[in-house]
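Multiple structures are listed underneath, in C-alpha cells.
Each of the two complexes below includes chain A, the first together with chain B, the second together with chain C.
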Partner chain A sequence: MTLNRNTRIAAVVAFLAIVFIAVPAVISLSGRFDLYYTLTSVALLSIASAGVWLTFYIGRINIGQGAYALTGGYVSAILVMNHGWSFWLTLPAAGLFCAAASVLIGLPILRLRGVYFAMVTLVLTEVARLLALALPITNGAKGIVSIPLPGALSVFGITLIPDFATLQNSRLAFYLLAVTLMVVCFAIMYRLVNSRIGKLCQSLQQNEELASSIGVNIAYLRVIAYAVSSFFGGVSGAIFAAISQSIYPSSFTVTDSVNFMLNCFLGGLGYVFGPMLGTLVLYFGWDLLFQTGRFQLLIYSGLMIVLMLVLPNGLLSLAETTRKKG
Partner chain B sequence: MAEMLEVSGITKRFGGLVAVNNVSFSVREKEILSVIGPNGAGKSTLFKLISSFLRPTTGEVRLKGERISGLAPHIAARRGVVRTFQETTIFKNMSVRDNVIIAHHLRSKASLFGFFLGTGTAKADEAAFGQSADEILALLGLSSLAHEIARNLPHGHLRALGIAIGLATNPSILLLDEPFAGMNHDETMRMVEMVRRLRERGLTILLVEHDMPAVMKISDRLVVLNFGQKIAEGTPSEIQANDKVIEAYLGSEDEAIGL
Partner chain C sequence: MEQVIANGLYLGAQYALIALGLTLIFALMNVLNFAHGQMYVLGGFITYTVYGQLGLPFVVALLASGLTLAVIGALMEKFLFRTVIRRSHREESTMLLAAATAFFFDAVILLLFGEKQRGVPKIVKGVFNDAGIIMPYDRIVVGALAIVFIAAFVLYMQYSRVGRAMRALAQDRVAAQLMGVRVDRYSMIGFAMGAMLAGVVGGLLVTITGVNSGIGGPISIKAFLMVMIGGAGVVGGAIAGGFILGMMESVGLTVLREYGDVTYLVIFAALMVFLSVRPNGLMGKPWG
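What follows is the complex of A and B.
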C-alpha cells in the first residue's frame, strides 16, 4: 500500500496507542479481564498466520503451520521442564528449532506446487500430532502439564521483565508480551515485503522459471521464506504453551492449520497486515456466532464462502477501493 | 572473432524420443546466430540445454571454455547465459519498470540481509538498478509504459519487455526463443533493428525464429535442425541454397525459407 510517509507514521502511532494504552485502559475500566485472553490469542494466532501469509507470498499454499506451532510449544515446554531453561531463552530456541526443521522438510517439499504442496503440508500437521503422541519425550496423550509461568528476565542484573508468577495480573503481562511480539513480527514482515526481498518473493509467486532465468536462486529463497514462516509458527506455539501452562498433541490440529490459512485469505493475500485483520475478524466472528448455538458452524462457513466470493482479495481490498475512489 | 559458446555433441532424450541428437556448433563473439527448423525439430529444447534448464543426456556446452550445461538456470545466468522464453514470459502483476528492476538481481552487491536492513550498499544497488532499468526501457521503446502493470501490455510490447528482462541481467550471450512470434510486419522490423542494436552494444545473440525473411535479414549464420539433428550450418545465402534444408521444409519451401 502506498500511503505517504506522514500518514504511515500516524497510522503506526495510532495503532501502538490503541494496543498498548487504549485496550488495557478500556479493559480495566469495564472489568472485562477475560478479553485479555481473547486478544492475546488473536495476537499469537496472527503471528502464526503471518508466517503462512509469507509462504503464500512465494506462491505456496501452506496448511501446515499447526505442525510448527505444536513443535514450538513442545520445544519450549521440554526445555523449561526437563532442562530448566528460562522461558525467555526457549522462545528463540523454539523459533530456531522450527526454522531448522522447516529447512530440512522444505528442501524436498518446496519443489511441489499448488495443491500438491498444500496436501503435503496438511499431512505435516497430522504427522506432528502423531509424533507428539508417539515420542517418549513428549509424554504421549497426557502431554506436558504444570509448566511454570515465565520467570524474570534479567540482563546484567537489571530486571527487564518481572517473574510472571509474582504479578497480580499475569493476563495483562501475557497480553503485552503477545502484542509486543506481534508488532515486532509485523514490522519484520512489512520491511521484508517492502524491501527488494518482497519483490523477489513476488517474482517467485508470479513465475518461478523466469525468476531462475534472471539468476534468482529460487530454491534458496523459498527455503528462507519457509524458515521465517515456521519461525513465527514456533514462537507463537511456545507462548501458547506458556499461557496455558500445558501442551498436548491436540493443542494444534489440522483445524488450526486451516484457520491460519483462512485468516490470510480473509484479510487479503496482497496485504502484509491482512493476516492480522483476518485473525481478529475470524476469531471474534466465531465467538459472536456462539449465540447461534448449533447453527454456529453452518453460518460461519456460509459467511466465509460469501466473503470469498464478494471479496476475493480480502477485507483490506475494501480499504484500497475506498481510497482510490476518494 | 573469438569463439564464445561451444556446443559439442549434445543429445537430449525424453524417454524414447531423441529431441536433440548429437548437435555441435559454435557461436562467435558478437555474432547473431539463428537456429531454424520445422516445428518439433528440437530448437526450444536446445535452448533449454544451453541455459541449463534441462540437463543433457550426453554432450556439453562451454562458454569461453567453461562448462555451463547440466548446472542450474540461475548459475548459467550468473555465468552470462540468459534465455528469454518462447511463451511470453514476464512477471505479470508487476509494473513494467519493476519487471526490469527485479531482473537486475545478478548485479546486486548487497546480500538479502543487506536489503532487509536497507544498508548503504543496498540503497546504492536500488538506485543503480532504477537508472539502468530506465535506460533499458528507453532502448526498447518502453519508457512511456514504465508504470503500466505488465499484464496489460499489448503483445508486441510484451515481447520487448521479455527482452528487456533478459538484458537487465547483463548477459554475455542472450538466447531469444521466437522473439518475433505474433508480431506484425512493422513490429518485426522494429524488433530486428532492436536486436541489431543489441549486438552493436557488444552482445552475442542466439535466436530461434520462424519468420524466415526476418531471420535471413538479421543473422550472420544459421544452424538448421530437423528431427533433432543438425542438417546444415552456414550464412543465409548458403542455407537458402542448401538442398537438405529445402527438403526439410518440403511443401512450403519457397515461401518458408524466403527464396
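What follows is the complex of A and C.
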C-alpha cells in the first residue's frame, strides 16, 4: 500500500466524518434507530476481531477470543454489581485482567503452533464457558442480570461523559462509545503494525527459528501480542455486558470465537483494517439474510464458501488486484 | 470398576474411529476439518433414513452412510479445498473454508432432517450381565464393529498401495510427488476416506445414542481433543487419543459425580497442562 501521506490523512478524516457525523445523521433522518444497536455490535465485535488479527499477525490461529470476551464481561459485571465500581473503571480493569490471564495461559500454550494452538484456544473457549457455569461468583447458568447502565464519568469536577441512564438516547451514547473505542483500537493496531515491533511480529509469522537466531526475543514478543489481543477481547466483552445489561455463560461461545476468526479471514489477514470490514460484512450479511427465514444459514454459508473460492485472501485483496491491473 | 473400564473401552473405540478420519485429512492436506462433526451427523441421519425409515437392513444403511460421505468428501476436496489451497497466500485460509462448510452442512441437515432427536430400533436386543459388567448387546456389537473398522483401516494404510501412497504423502508431499505419486488423486481419496469414517461412525452410533442436528459442533471439539492428545496427523496417535479420552470421560463421570458437571473442565485443564509439557501430543511430529 503506497498511498501518499495526503490521501491517507484524507481517508482517515473521511472515515471519522462518516462514523461520527454521517451515520448518526442518516439514522436520525431515516428513523431506523435499531441500526445503532447493529452498528454498535459491529464496532465491538471488530475490536475483538482486531485482537484475533494480531495473533494471526504473529502466525497463530486464535479461536479463543470468546473466552476473553466472556471473562471481560464477567469481570466488569462482578465489579459493578458486587463491589460498586464505576463502569468506566471496570473497562480497563476487565482488559487488564484478561491481559494478565492471557500472559499466564499464553506462556505455556504459545509454544504450540499451527493447528495445535488453534485447537487449544478453541478448547479455551469451552473452558471459559464451563468455568462460568461452575464458579460460585459467576452465578452459574442464571448469569448476572440487571447490571446498571454506565454512570457519569467526571474528572476534577468536569463531567466528561454523562450518566447513560439519564440520557434520552442511550443507544446513540453506546454507539459513540463503541465507535470511539474502535477508532482508538485500530489506531493502536496500525501504529503497532507499522512500528519496529510490528516488523518483528512479521518475522515471527514467517519463521520463528530464524527470527530467534538473529536475536529477536520471540517468547516475549508473542506473549505481548497475545496480551494485547486479549485486552481487546476483554474490553469488548465488558461493553457488551453493559449494553445488554446482563452476562451469561452462553454470551460468548465457540461460535463467537469462530466468528471472530472468520471476520479476520474475510477482511484479509494481510490488512490491518481487514477485521473491521470483515465484521461489518459478516454481521450485516447475516442480518440482511434474516428475511430468507429458514434458508438464512444455508445462503450465508454458501456465500461464504463462494467468497472464499473467489477471494481466498480476503475482501481487501480485491483493492490490490484492481490496482495492479490498472 | 469393571463397569467403568468397559464403558471407557466402548466409548474409546467410537472416539478413535472419529479421530482417525480427522487426523487422516489433516495429515494429507494440513486441513483442520471443522465439518467433521457435521459429517458424522449426516452419516447418522442417512442411516436413520435408510434403516429406520425405509426398513432396509442395517448393513445397507451403514454402507449408504459411508458411500454418501465418501462422495461428498471427494467433491469437497476437488472443488473447494484444492482450489483455495492453490489460490490463497496463507495455508490457514482453509480454516475459513472448513468452518463455512461446517455451517453449510448444519444448514442442510437442519433443512432436510429437522431439529428433532432421531433414533432407530435396536440392532440387537438384550443386555449382557455378568462378572459385574452390565452392557447392552448392541453396544458390544457397535464397539466391536468400531474396533474391526479401526483394524481394517490400519491394515489398509499399512499394506495397500493406496495406503502406502497416502503415508508417503503425509510424510513429505513434494518428495512423494517427485517419486511419481499422483498427489491430487490421493489427496482426494484420503479426504473421501476421512469423510467416510465420519459417516460410518455416525451410522453406527445412531443405533445407540440417536442423532440430532445440533451435536455436530460438540463432536468436532471432542475429535479435536483426541487428535491433540495423540498428536495431529498420526494414525496411532488418533487411536490412542480416542481411547484415552473415552477412558477419562468414563472415569471422570464416576469419580467426579459429586462435584457436578465438571468432568470436561477437568479434562480440558489436564489437556492444557499436558500440552504445555508435550506440545505435539503423544506421538505427533513437531509442527511449524
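Everything that follows uses one rule, which is that the second predicted complex is superposed on the first by the 326 of 326 C-alpha atoms of A that agree within 3 Å, B and C clash if a C-alpha of one lies under 4 Å from a C-alpha of the other, contacts with A are read in each partner's own complex, and residues count from 1 in each chain.
Heads up, the rule we're going with is that contacts are C-beta pairs under 8 Å (C-beta built on N, C-alpha and C of every residue); 3 or more make two chains touch, one makes a residue touch a chain.
Since we're looking at a predicted model, the values are computed, not measured.
K.L.:
What is the contact status of A:216 with respect to chain B (first) and chain C (second): first, second, both, or neither?
P.N.:
first
K.L.:
Applying the document's definition of touch, where does A:224 land relative to chain B and chain C: first, second, both, or neither?
P.N.:
In the superposition, A:224 touches chain B alone.
K.L.:
Applying the document's definition of touch, where does A:103 land relative to chain B and chain C: first, second, both, or neither?
P.N.:
neither
K.L.:
Where does A:294 make contact in the superposed view: on chain B (first), on chain C (second), on both, or on neither?
P.N.:
In the superposed model, A:294 contacts chain C only, not chain B.
K.L.:
By the touch definition at the top of the document, which applies to A:61: first (chain B), second (chain C), both, or neither?
P.N.:
second
K.L.:
Of the two partner chains, chain B (first) and chain C (second), which one does A:261 touch, if any: first, second, both, or neither?
P.N.:
In the superposition, A:261 contacts chain C only.
K.L.:
Which partner reaches more residues of chain A, chain B or chain C?
P.N.:
C
K.L.:
Contacts for A:114 in the overlay, against chain B (first) and chain C (second): which applies, first, second, both or neither?
P.N.:
A:114 sits against chain C, while chain B stays out of touch.
K.L.:
Identify the partner contact of A:196: answer first if only chain B is touched, second if only chain C is, both if each is, neither if none is.
P.N.:
In the superposition, A:196 contacts chain B only.
K.L.:
Across the two complexes, what residues of chain A are contacted by chain B and by chain C?
P.N.:
209
K.L.:
Contact residues on chain A for chain C in the complex?
P.N.:
Answer in residue numbers: 56, 61, 105, 108-109, 111-116, 118-120, 122-124, 126-127, 130-131, 133-134, 208-209, 254-255, 258, 261-262, 265-266, 269-270, 294-295, 297-298, 300-302, 304-305, 308-309, 312-313.
K.L.:
Spell out the residues on chain C that touch chain A in their complex, using ranges where they run on.
P.N.:
For this pair, the touching residues of chain C are 26, 32, 34, 80, 83-84, 87-90, 92-93, 95-97, 99-101, 103-104, 106-108, 110-111, 217, 221, 224-225, 227-228, 232, 260-262, 264-265, 268-269, 271-273, 275-276, 279-281, 284, 287-288.
K.L.:
Could you pull out which chain B residues touch chain A in their complex?
P.N.:
51, 53, 72-74, 77-78, 82-85, 89-94, 98, 101-103, 105-106, 108, 112, 115-116, 118, 122, 125-126, 165-166, 168-169
K.L.:
Write out the stretch or stretches of chain A touching chain B in their complex.
P.N.:
191-192, 195-197, 199-200, 202-203, 206-207, 209-210, 212-218, 221, 224
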